[in-house]
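I've put the structures underneath this note.
One chain, chain A, links the two complexes that follow: it is found with chain B in the first and with chain C in the second.
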Partner chain A sequence: MNETLDKSNLNFRERVSEFVAGFGLPRLIIAAFLLLLFIAAPFVGADFWTQISNTINRFSWNAVMVLAMVPMIHSGCGLNFGLPLGIISGLLGATLSIELGFTGPMSFVMAIVIATPFAVILGAGYGWLLNKIKGGEMMIATYVGFSSVSFMCMMWLLLPYKSPTMVWGLAGKGLRTTISLEGFYDKVLAKILQIHIGNLSIPTGTLLFFALLAFGMWAFLHSKTGTAMTAVGSNPTFARAAGVNVDKMRLLSVILSTWLAAIGILVYEQGFGFVQLYMAPFYMALPAVSAILIGGATVNKATIPNVIIGTFLFQGIVTMTPTVMNSMIHMDMSEVIRVVVSQGMILYALTRKTEATK
Partner chain B sequence: MKNNGNGKKVLNFLGNNSVPILFILICIVCIPVSGFSPSYLINEIVTRMGRNIFLILCLLIPIMAGMGLNFGMTLGAMAAELALILVSDWQIWGIPGVVLAMILSIPFSILLGALCGKILNMAKGREMITSYIISFFMNGVYQLIVLYMMGPIIPIKHTTVKLPRGYGIRNSVDLFHMRQCLDNLMAVRIGGVKVPVLTFLLIGLLCLFIIWFRKTKLGQDMRAVGQDMDVARDAGINVERTRIISIVMSTVLAGFGMVIYLQNMGNIATYSSHSQIGMFCIAALLVGGASVDKASIGNVFLGVILFHTMFIVAPKAGAIITGDSMIGEYFRVFVSYAVITIALIMYETKKRKARSRAGQQLQLAQQEEEAAANE
Partner chain C sequence: MSNENAPLLEMRNIKKDFFGNVVLSDINLTLQKGEVLGLCGENGAGKSTLMKILFGMDVIRETGGYEGDILINGEKVSFETPFDALKAGIGMVHQEFSLIPGFTATENILLNREPKKKNVISEIFGERLDTLDYNEMTGRAEAAIEKMGFSIDKDMVISNMPVGHKQFTEIARELSKEQLKLLILDEPTAVLTEREAEALLESIRSMSAKGIAVIFITHRLHEILSVCDKVVVMRDGFVVSDVPAAKTTVSEISKWMVGRSVSSGTSRDIRDMSDGRTAMSIRKLWVDMPGETVRNVDLDVKEGEILGIGGLAGQGKLGIPNGIMGLYEAGGTVEFEGKNIPLNSPRKCLDASIAFVSEDRRGVGLLLDESLEWNVAFPAMQVQNKYLKKYLGGLISWRDEKAIREVTEKYIDELAIKCTGSKQKAKELSGGNQQKVCLAKAFALEPKFLFVSEPTRGIDVGAKALVLEALKRFNRESGVTVVMISSELEELRQICDRIAIVSGGKIAGILPADRPSEDFGMLMVSMVK
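== the complex of A and B ==
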């Protein structure tokens, strides 16, 4: 009698530890922390449904940029710290679309259309570079992102933009640091089929747009090309033996990632309502990287559920901590918590022994 | 034939030193355009040499141990800032304050450096990106300590340091009574140029230390680890320990360097002084012709002179050429990042070439062996 009890007890404990090992301890802590925040929210006077809608809103802004991480992880290029390069293509699309006089929903469509060739060209160059330096991708990606952002800082001033909504009023040239999207594509996706129930509001259109892209990515990864890409990531030698052109696959994944980053920033802008130029894209790669890692991805393995769970957890913490912590201990520690959680997660992923082969 | 060889030599020289040569060209173009007087320029450069060289020298030790550019030197800078905040709250000024801050920074640096080294040992082969992320992570922890713990947990008395709300440190801590005390103590004026002799003496001492250290057992071990970890391990060197020591040394030296840097600046920007320091130091070192796996003291000096000349003249020259002062401002930031990017790319391509060459040699040897066996 006693023995069986012990056994089942042991089994349970084993199962728990197995679950923890599979899910990853840091992920579990973060999920528990977020759950705690949600439970605590009503007690400290924050409205539960407003919090939920804020989280969903921010999820819809950021999800596409996190999705952009997936192709490069699959092809073995590691975490795309060079996300700012794609963001710059998106910004070029956004500003040119406004400059050419498009307004309303059309400006969003045109921004995507214009951003695409930039993303393909920049992504191709970036992918070519990453093929030259296999094994050292992440550090160089970071600095490619930084150099391109600082290079564009000069370009935003020098390019001959004329539209009065975008340039500095006095000088008549040089783009402003933030450009309002009112009258252009502010909330253009979010407004489609938007649901309002009391304090809860859901930007259905943005979520659908993300679902469309995520489904496209899922379908692509299960196509012949997608499978070949995954093979390149998991074992390049085997892939080469099977007749897959490794460099071409990697190049394709980088272009795809760059393009998704360009779309991602446009989706972010339509939710946020502003285009942010100059140094704004500088650190945008880090939240996206840590979001997908929180979702359970590793340096060489990522799935669509990782993207969804990760973005929700990360954005949940980002939105919940300021309100809940503020009213609980009267200190705004959200920034510190955000930095420690996100960078800690990246560090954890980089130091896992199983992945540190290469 | 001989001429051809010479031509090749010249090309090789140009290829190996392309970054410094490019910078010399930039400086040659920008200096006359900016219109600064030579005495002003020399004065500025000498000041900046005193301010920065010590910090940059600390990067040499991890490069020796094959751990690449130590982006984690920011940790040492944070340790120094913690020490300086405490010292200025205790109101110990002048040289004693500087010395005390240096001594006080040592335990912080050792702690942070050991932690950093431990983590880097878990991420072999990707040290640089990891040390880079560590600096971000530790910045979060630093903010936690300085913004929330200083006051309630770590006693801070003076309102000149503390925020009005009762805890946390002000955005900027004034080091007025410490300002340039090290630089002024034995300063010599040579034709209108102020030379901070004592600071340069300290730098000279560190250079001598590094030269001596290379010859010690530990220094030799580090170089062996940097060459090939497996071979070093077979030779009986404790690889992990050696790597941790190299990072700890670098962090402690970075702490000293940051104290020197801040006493020259005269105030601490509590939340931002350390964040850019790693990037600028690394860029300066690379401008001097160093690479990720090889750097000398000469690279440091040349790099500081070239990089900071560019840094001084670029905004002014940019303003005159384009009519917009921000262009030059952005240009120098861009150049710093671009230099690091190019250096990293060159290092990785070189590594790959060496690897494929080794592979070819192995293949050739195998073929020969097979041929011999067939005969």
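== the complex of A and C ==
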């Protein structure tokens, strides 16, 4: 009798530890923490549905930038710390679209159209560089991102933008740090089929747009080229022996990642309502990197579910902590927690290069 | 109470399980002073685990220890760490080299046991700053090399040595320990060429004459018979037989090992294809492959034959396929079916329907982290657009998962690959089964011409026979020209029609496979550089 009890106990413990190993301990802790925040929210006077709406909103803004991580992870270039380069392409698209006088939804479409060639050219140069320094991609990527942001800080001032909505009022030249998108593409995706039920509002259009890109990525990874890209990441020598041009695949993945980052920032802006220039892209890479890691991806394996789960958990914590924690302990803890979670997650992922979780 | 009559080593009722999975049961062994014991068994039979127990490896203690007793000179011992085993006079040469590449042989042999001289600094700061006594070191290393009976250059840096010499350095290191009573050699000949292996056997004999007992683990059974006093065969964690070597034969041992009789490959059917069409002609080929440089190779391969390429390690036999397939820089001309094949481009070779099974299974041959399906189907998918579904008039080509699963399952059946299913990761398979996956990958390309490099390296007898059989069948049934590169002459003689011997980066000669092995031996050393 006792023995059977022991056995079932053991089985249960085994099952739990198996589940933990399969799901990933950090992901479990963060999910539990988020759940706790949701449960605690009503008790500290925050409206539950508003919180859910906020979380979904922030998810919709950020998901595409997290998706941009996927191609480079697959091709073995690691985590794209050079995300700011893609973001800059997006910003160029956004500002040029406004400069050229497009308004409303058309300005969003044109921003994408204009950003694309920038993303392809910058991505190609970035990819060429990464092919030169195989093995140290992530470190180089970080500096590519940082230095491109600093370079553009000068260019935003020097480029001959004229549109009065964007330039400094007194000087009449040089772009402002923050540009309102009122009248351009503010909420242009979010408003499509938007759902309002009481305090709950869901930006259906933005979610659909992300779903479209995510489906495209999923489909691409199932194509012949996508398969080759994954194989290049898994074992470059194997891929080369199978006749795949390794450098070309890596280059393609970097271009794809840069382009998705450009689209990602445009989606973010339409949700947020503002274009942020100068130092704003500087810290954009880290939240995206840690979101996909929280989602269960590793340095060399990532899936679309990793993107969705990770973005939701990360953005959930970022949105929930200010309201819940601050009213609980009357201190601004949200930024601290965000930094601990995001940097800690990156550190954790870099120390273990094992299997991705499901 | 050291008993003079007690055997040097006695293992009684050794049992070991890894978390309930029994790998050793009721193992009993005795070994006298100066005796040579041959231990054989298929991969996974429990040989390595048994040796790890004897050597006190951490992994045994971490997984819950073992049952039974180990007695040395009649006294019960229990080794907590390999250091205890070393102190008791047990030495072990591992399959993987544990040498420091940038040090010379002498330095490696005496590492951490160097004779030292006092100097001014060490008088003050303690013995860790003593100067090494190089003269004394040279003397001791020489003595150890002398004891081994095979001469290696004691001043050569390890990274410059051919694999065989590295192996001998390890042996010399063990021999340099004064108290050595028992030496365990775990597959020492796997990486050696035939001549080096012969030299190793000779040195085992001389060690035994000096009173050192040897446990010799190998897959090469004729070596066991020629050097061992007794043979212990293991299968599935049991000792299935323990007999004097003089009273058994290779075929008997292999029967015990696999529990079925293995055809010894004597049923040769050598074909003479000298007037057939030339499938591939190689002229003035050079390949810059580190350690396997090809200098100037002219070779004609006839259509439909199995051509073997043999030779000593480091003479360039591996460079030939690697160079032609574009994995290492190469020059010269290669014509396949009358058309010139550009070198340094793997894709061009694959497009011309030439496939390659690399000797570096884990590095080149497999996607270790991916499923068997991916491994088998990937090259055929990339090169020949197989297993793809087309959409939008060919604009989008998608993986056809169903076709991929079907072809993988077909080869799992055909080659008897042991796995849990076509979705299992390649890294979870054993060496022999991984090799079969590599073959399946090449077969899936349905090539006209196949290079196979060291297809049986590091795999057990049973798997070896299956792999060779599969190659032969592939050649006979699909009419594919096969060029097989191997260090084991016997294996080449089993399935090849002709054998080319490479020496000094050139073809030393080509002979029909039924010529006596001495003839090949002569060619092997003819141009060694």
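We take it that the second predicted complex is superposed on the first by the 352 of 358 C-alpha atoms of A that agree within 3 Å, B and C clash if a C-alpha of one lies under 4 Å from a C-alpha of the other, contacts with A are read in each partner's own complex, and residues count from 1 in each chain.
In the analysis below, contacts are C-beta pairs under 8 Å (C-beta built on N, C-alpha and C of every residue); 3 or more make two chains touch, one makes a residue touch a chain.
Computed from a predicted model, the values in this text were never measured in an experiment.
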| item | value |
| --- | --- |
| Touched partner set for A:Val120, first chain B, second chain C, both or neither | neither |
| Touching partner for A:Ser147 - first (chain B), second (chain C), both, neither | first |
| Chain touching more of chain A, residue-wise (chain B, chain C) | B |
| Contacts of A:His222 with chain B and chain C, given as first, second, both or neither | second |
| Which of chain B and chain C A:Ser234 touches, first, second, both or neither | second |
| Contacts of A:Lys132 with chain B and chain C, given as first, second, both or neither | first |
| First (chain B), second (chain C), both or neither touched by A:Gln343 | first |
| Partner chain(s) touched by A:Asn245 [first = chain B, second = chain C, both, neither] | second |
| Of all residues in chain B, those that touch chain A in their complex | 119, 122-126, 128-130, 132-134, 136-137, 139-141, 143-144, 147-148, 322, 324, 326-327, 330-331, 333-334, 337-338, 340-341, 344-345, 347-349, 351-352 |
| Chain B-touching residues of chain A, taken from the complex the two chains share | 81, 129, 132-136, 138-140, 142-144, 146-147, 150-151, 153-154, 157-158, 174, 286, 331, 333, 335-336, 339-340, 343-344, 346-347, 350-351, 353, 356, 358 |
| Residues of chain C defined as touching chain A within the complex | 325, 327, 346-347, 349-351, 356, 358, 363-370, 374, 378-379, 381-383, 385, 388, 396-399 |
| List of chain A residues in touch with chain C within their complex | 219, 222-224, 227-228, 230-231, 234-235, 237-238, 240-245, 300-301, 355 |
